[in-house]
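Below is one structure, written out as structure tokens, with a few remarks after it.
Letters are used for the chains, namely A, B, C and D, taken in the order the chains are written, and counting of residues starts over at 1 for each.
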Amino acid sequence: MEPRSFQLFPDAASSIAGQVDSLYAFFVLVSAFFSLLIAFLVIFFAYKFRFRPGIIPAGNTDDGHSVGGMILEIVWSVIPLGLSMIMFAWGASIYFTESRPPADSMEIFITGKRWMWKVQHMEGAREINELHVPMNRNIKLTMTSEDVIHDFSIPAFRTKADVLPGKYTTEWFQPTKPGAYHIFCAEYCGTKHSGMVGTVYVLNQQDYQDWLARGSGEGSMAEQGQALFNQLGCGNCHPSLVNNYNGRAPNLAGIYNNKVTLKDGTATRADEAYIRESVLFPQAKIVAGYDDIMPTFSGLISEEGMLKLIEYVKSLSPQVNSAESAPSKPVTDAAAEQKAGRNPVNPAGKK
Amino acid sequence: MADHSAHAGHGEHHIVPKRVYFLVFTALIVLTWVTAWVSTVELGALNTVVALSIAIVKASLVILFFMHVFYGTRLTKLIVGAGLFWLILLLFIAMFDYWTRTWVGVPGR
Amino acid sequence: MDSTVETVIPAEAHHDSSAVRHHFSTAEQQKDSATIGMWTFLVTEIMFFGGLFLAYFVYRQAYPAAFASASSKTNLAIGAFNTTVLICSSLTMALGVYFASIGKKKLLILFLVLTLLAGGAFLGVKAFEYHDKWVHHEVPGAHFDCEGCADPGHASLFFALYFGMTGLHASHMIVGFVILVILIFQASKGRYTPEWYTPVEMFGLYWHFVDIVWIFLFPLLYLIDRTKERLF
Amino acid sequence: MITATAPAKTEVNYLNCEHGLKSWLLTGDHKRIAVMYLIVVTVFFFMGGLYAAGIRLELATPAGDLFDSNTYNKVFTMHGVLMIFFFLIPSIPATLGNFLIPLMVGAKDLAFPKINLLSLYIYAVGACFTLWALISGGVDTGWTFYTPFSSSYSNGYVITVGLGIFINGFSSILTGLNFIVTIHRMRSPGLKWFRLPLFVWAHYATSIIMILGTPVIAVTLFLLVLERGLHIGFFDPAYGGDPVLFQHMFWFYSHPAVYIMILPSMGVISEVISTFSSKKPFGYTFIAFSSVAIAVFGFLVWGHHLFVASQSTYAGLVFSILSYIVAIPSAIKVFNWTATMYNGRVRLTTPMLYALGFIGLFTIGGLTGLFLASMGLDVHLTDTYFVVAHFHYVMVGGAILGYLAGIHFWWPKMFGVMYPETPSKISAWLVFLGFNLTFFPQFILGYMGMPRRYHIYPPEFQVFNVLSSAGASILGIGFLLPAIYLTWSLKYGKPAGPNPWGSTTLEWQTASPPPPTNFDVTPVITKEAYDYSHEEVLDIG
């Protein structure tokens, strides 16, 4: 990224950025109008009604409780109220858009750790403090932290979300302009908080494919998750093939995002949070019909490992297999390209 | 205290008869043992409702009679009411976040 | 200059008793102020405990299984007994205030002492319960080990709240204890008369408030969702 | 204290009625306690200011060349902690409020003088804890103490500072309690609620927040201290705890705390503008009720600090709309103040200059608050310098300008002397200009995305940071000047007389400085606080 010495307005490089900027412009106009109005009135009154010995302005005793005063009070209560409701509704509608990643989003996983961002692509590629994304694709980040609260902020995309330990948070965007933009950690996280920065590279489709093709040599996330699954011995109890039941532990095939009935009769959705909790706190929500026999894996699996395991479980549910939304299955098994993927490709348009 | 003279009657100390204290005390003891007993009976979700309702009744008895709010000034009642109202605000508004966390169906939203 | 002040009253005109401090006009104003002040203080106490209640509700809702099984570890009979003891102390306190208001000095002292004893009994039982929890490794921290808890990973939260809430309550009792001793001492010196027994009355409010906190802690920590069993 | 029955002599005042250190340290006189508060909060203000100077010096360049990161983090944390908990929150209530509320309601003292003194000592104990932590090596959590950073990772003295703020909270609670009881029960005969000065209304509203909010931060910090000290997890995800719960509990107090800072300031502004326009405040009842409305609604909006903190979207919606509603009473106040000047007889004295500056800066501070209450904008703006600029516009441009307006307005009443006019007007202008130069560029920085609490920043942000640092040096001079000429005036200032500004509220009807029991005779009130119909307006300013 080329350092710039001066800037007045941030780059706008995502689909939402234009909407946020319009809203901002509206707020600035309203604020400027009222600030200038008040400033003008204050200066004007201070001059017009300046103290002059012996001169008492007519109406000097009007205390605002006359009929005219009441009308004024109502006017300057109702107009700001009306304006502020517009502000609220406009802002809320943008926020709702930001809350709901489109169904066709491509998933990328972020793990915050003091003081670095670890990025894991579905196809297996990993990055640190860099994030390569294709242009004009909806991208959904699933994020968690290994220690304290961080916040994954990309000002050029006008988006940010806190990254918390012990749970997953989500943020999505659609990059619209190739280039390199700042990633900041926006939630104070300790000594080198200001060093927890990175760069997001928006590549056009072809450059992104090229970059992805360098791969990690470690297989896709789901494949790595499967390896971990086997290594931890999860498969000894949990069947992962359709229609395979053993009575010890629930079959994982097809459970992702489906309802499971729990021992106490309530139901829950087997989303990322539930899977995570069931690995770390297996006794918290036991599926109906199974015994409390699973040991906790708390402390045995890193946050990144957990993401891979979840990705593996998701891959067992074909209808939501997010691989379908990836542009194409990347070639990741080329041993010769093992570590090459770590080196960022210079984005198009940058020398 | 010109504008308070109208309420002067409230300020006189009102001596509550002993009988009231004993009645309230009996009610409190009975309710304590009832609530302890009910907790051993399977009522499902009603267990919580009963336990909390009994606690609220007991607390009200103490506030109204042992603490003399029943005989107190409007201002005292207002202060007690405000305290409870704010407690409810704290609990309910914060809980609203927890109740609605799954509504959008996206982790962290 | 005196447009707002038209008539004047001599500053000392309203002083009707030596017990009225200089900045109050009447004993009634002074007493009223004390009552409002005390209640305002109790409102802050409500909010103080309110934070803990919020934490309790949030976590009970998040981890019902852990909370149900962990709360079954409390001893229902002891909890009910202690509640009874505390209610008794509330009664003796109320009677203490009653006897102060009609000027029965000996009965006032008697009931203050009885309140002290009941409070002591409560704290003693509480200490026994704490010891029991310590022995059974139910104190959150490095040695925490909740045997037989469903979802032991989250049970620690219940016990953290158990100790946080009962501990804060007990510390209020201890503060009350100290004030009670002072009150008994003052009462024995004949400081309180039917005209002025405000400290006794205000302390009564405090003591009843502490009782009310327990009235809620008892169901929340001992009763709700506990495993159904016989009372004894 | 026994001089109450002494014949009225203007020579006997609260300052000279007794002598010796003991007569101050053990006093029950609200005026003496106010003066002692004035001294300590001023010390803390300049300490906090020193840290601010450190921050601005460091940020003049993108690289971290003045401090290392750890030190920088401690510097901004201590700046926040000292300014918020030890200066802004007690500033106006404990000094001007303490001094004026009994005077304004025609009482001899606050309802509980000993508790008033106790609250000063509690403040002192809390301050000692905080200073002890500072000397031992400081704390690096930011004033928000977010878990799990504060409970498990911080390398600072979190427990000591936490206890300091915990203890200090009780000082605030007791002050609020004293005000509430005093306003309810100590009013002079005939002083009905709607005859009270707006300053008293503002403090009544402030006290509500102090009473209902402060205990929640106390218990939150108590849990934090337990969690850090004993490793029992209340908010620790390792035990299933939720760090967001800490944020809920923290902001339940800390958002209303902003109103603890600004409401008393608004009370000051109402008095100053009315006096120097020689006119009853326009819409008295609206200003009075808007204070109470702010206090009540201010409790319902805390979640707008959590829009990106993984709070639920629907909770965010509720908090967002309520945040807009709480903005309306503030808007009503601004319009009414402006309208008060209409048809008035405006004198641009120093307090009036500060008050007019307040109106302008608070308007900007309030309006930029709307940006942050808008969920869609907040996602981009939160945790950036936009937030920093916004709350400095409210807290410095609002609270501190109001505080300075009040100090300049009531200085003659408190000490019976006038300060020199020219330097005080110069300082008012320096503060106004310096402030805008310091903080306006930060709005632009914020929208560009510069995160707050950054020690090292990308070079494209430098220009505005340099402007900001330059402004800070002007602002610093603007703040130092009053300290000098006000102190000077204590010895060399001209005698002020009981009512140098020609104001009508009750505190001006007694001597300056007031006698130990405030009024030689208990005043009986027959009129509203602001009746300028018969007043001769003094030709000053």
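One rule holds in what follows: a residue touches a chain if its C-beta (ideal position, glycine included) is under 8 Å from a C-beta of that chain, and two chains touch if they have at least 3 such contacts.
Keep in mind the model is a prediction, meaning the values are calculated, not measured.
A.B. asks: Looking only at C-beta pairs in contact, point me to the busier pair out of A-C and B-C.
C.D. replies: When B-C is set beside A-C, the one with more contacts is B-C.
A.B. asks: By Cα centroids, which chain is closest to the centre of the whole protein?
C.D. replies: D
A.B. asks: Using the average of all C-alpha atoms in each chain as its centre, how far is it in Å between chain A and chain B?
C.D. replies: 42
A.B. asks: Mind checking the centre-to-centre distance between chain B and chain C? Centres are C-alpha means, answer in whole Å.
C.D. replies: That pair's centroid distance is 14 Å.
A.B. asks: In angstrom, rounded to a whole number, how far apart do the mean CA points of chain C and chain D lie?
C.D. replies: 33
A.B. asks: Mark out which residues of chain A touch at least two other chains, giving numbers and ranges.
C.D. replies: 99, 161-162, 164, 167, 169, 281, 284, 298, in rising order.
A.B. asks: Which residues does chain D have that touch at least 2 chains other than itself?
C.D. replies: In chain D, 184-185, 189, 212, 216, 240-242, 244-245, 248-249, 252, 310, 313, 524 touch at least two other chains.
A.B. asks: Provide the list of chain B residues touching at least two other chains, using ranges where the numbers run on.
C.D. replies: If we look for residues of chain B contacting two or more partner chains, we find 1, 4, 75, 82-83, 86, 90, 94, 98, 104, 108-109.
A.B. asks: Treating touching as the only link between chains, describe the layout with one word: line, ring, star, complete or other.
C.D. replies: complete
A.B. asks: Where on chain C does chain A make contact in their complex?
C.D. replies: Chain C residues touching chain A: 63-66, 150-154.
A.B. asks: What residues on chain A touch chain C, complex-wise?
C.D. replies: Spelled out, the residues of chain A in touch with chain C are 263-264, 280-281, 283-285, 292, 296, 298.
A.B. asks: Help me check something: in the complex, which residues belonging to chain D touch chain C?
C.D. replies: Result: residues 1, 4-5, 107-113, 115, 173, 176-178, 180-181, 184-186, 189, 211-216, 218-220, 222-223, 226, 230-234, 239-242, 245, 248-249, 252, 498-499, 504-506, 508-509, 517, 519-527, 529, 531, 534-535 of chain D touch chain C.
A.B. asks: Sort out for me which residues of chain C touch chain D in the complex.
C.D. replies: Residue positions touching the partner: 1-13, 21-25, 29, 32-33, 36-37, 40-41, 43-52, 54-55, 58-59, 62-63, 66, 140-142, 153-154, 156-157, 159-161, 163-164, 168.
A.B. asks: Touching residues of chain B toward chain C in the complex: what are they?
C.D. replies: 1, 4, 8, 11-13, 15-16, 18, 21-22, 25, 28-29, 32-33, 35-42, 47-48, 51-52, 54-55, 58-59, 62-63, 65-67, 72-73, 75-76, 79-80, 82-84, 86-87, 90-91, 94-95, 98
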